[in-house]
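Which chain is which? They are A, B, C and D, in the order written, and residues in each are numbered from 1.
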């Protein structure tokens, strides 16, 4: 019972939302999956000074983690649960200064192309003020 | 005394190596600056299961953090210490599966173009076996 | 009279649509500007076998030209006509095989971030069947 | 005789050098393959005002064509001649103003990762003065 291989990607992700668990990295970075639908995933993040770079701004790697997570979950909504996949390429634009005081971020990932073996997606990170802080795209391969 | 604004970027980074401190994010991710020279920076990282994604591989955001750090430090070797700068764009290729057992990673960042206001750099991440795990490029702007 | 420096970027681009002229490269590649509005530009292209690569598909550089053009014109709608600007970085995903028989392509560029000195935009290329053939993003700097 | 399917990718490319033919797009853009070796390809280009953008500089699409060509040929040196492959993703940094007077460009592409189905490469464009004008990376998939 509870045959996880029989779940679709969306059903699997809905379980992660219900259980408030995403991944070890997600937990370390204070990120959580908020919503999923066909070709779309929404991830929230709570940046803090723990994630600062030398210049006392949120590290570019923090936003990269958030974008990669939202992109990957969006892609996973197009797959069966037991299908392996991975990011082969990630591209990010940082467009606004981000500090701990900025507060809760929401990143929405959207699939642009869903091929049999290659999928691409885009994602955008907004702050509580609705302003865009970063955007990116990713390319994913499905493993046989 | 010890007027940090009077230091060059390289001198400032040499201080970070000596003090074994990089940034809060660097500490959280088990990364350290190992060496710097003109236009070049070397950062080491110790990935562990804490940084796993859902698929029990090292999260793409972990490698993005490592690459952004090495790229940024390479760029900083070209600047005076008191000059502000930031990543405006980061691009990563993930070319090999990375798990905790892979062990210590070394990422070398190298400046490709050093203009007055815009700098670009490339970086490569190798494992203990010398194999390439990821590579990337970044674009940086100097703030007035 | 007709002081072009006094035109806005949009007015200048509207002139290009009216005069059916875009640039020497646009003419060589059979591309034309079709529509502009605030933060948006639409460019059409007529690929043919002249633009084939060795593998008898439309060359990646052809789509790069189309995407760069739509991104740049979208950015220009946010600027005054006499302001210099340039692409500093371009990223493209090729998601579907493109041959001469595919026919007329339409590329829509949309500004994502319009800062004082840096602007970013995204663009998507669709065929006559409405399918996505390529997508991309670009980063632009305004020259003083 | 002359069974092209029996050629390696390098042998096939050496034939293109000998015959001074690259592709229809290469001819249209005044580009030629100059040298190939294992994991490396060198392409020359002669930019002129025909390839100008609105701002009377060489169009970003021209350099994208040059980079994609050198990246693709470098990748092809790792393949058998009859193996299909294609660019799935291309990323370019434009770092220096390029005009017709700049003269002959040389772009060297180098493979970074050669997997069974995915290959990545980097390329750099230099002018007659040895200065860097653009650099980029690409991701390629091999078709079964």
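Methods note: contacts are C-beta pairs under 8 Å (C-beta built on N, C-alpha and C of every residue); 3 or more make two chains touch, one makes a residue touch a chain.
The shown structure was predicted, so the numbers you read here are calculated from the model rather than taken from an experiment.
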(request) Trace the shortest sequence of touching chains from chain A to chain C and report its length in steps. (result) 1
(request) Select the chain at the greatest separation from chain B, using centres from the mean of Cα atoms. (result) C
(request) Find the geometric centre of each of chain B and chain D from their Cα atoms only, then give the gap between the two centres in Å, rounded to an integer. (result) 29
(message) Can you compute the centre-to-centre distance for chain C and chain D, using the mean CA position of each chain? Integer Å is fine.
(response) 22
(request) Please report how many Å separate the Cα centroid of chain B from that of chain C, as a whole number. (result) 34
(request) Could you tell me which residues belong to chain D and also touch two or more other chains? (result) 88-89, 91, 93, 95, 118, 139
(request) Would you tell me which residues of chain B are touching chain A in their complex? (result) 16, 22-26, 28-29, 49-55, 57, 59-62, 64-66, 68-69, 72, 84-95, 97
(message) Quick check on the complex: what are the chain A residues that touch chain C?
(response) 91, 93, 95-96, 112-113, 115, 118, 120, 122, 124, 132, 135, 137, 139
(message) Give the list of chain B residues in touch with chain C in this complex.
(response) 88-89, 91, 117-118, 139, 141
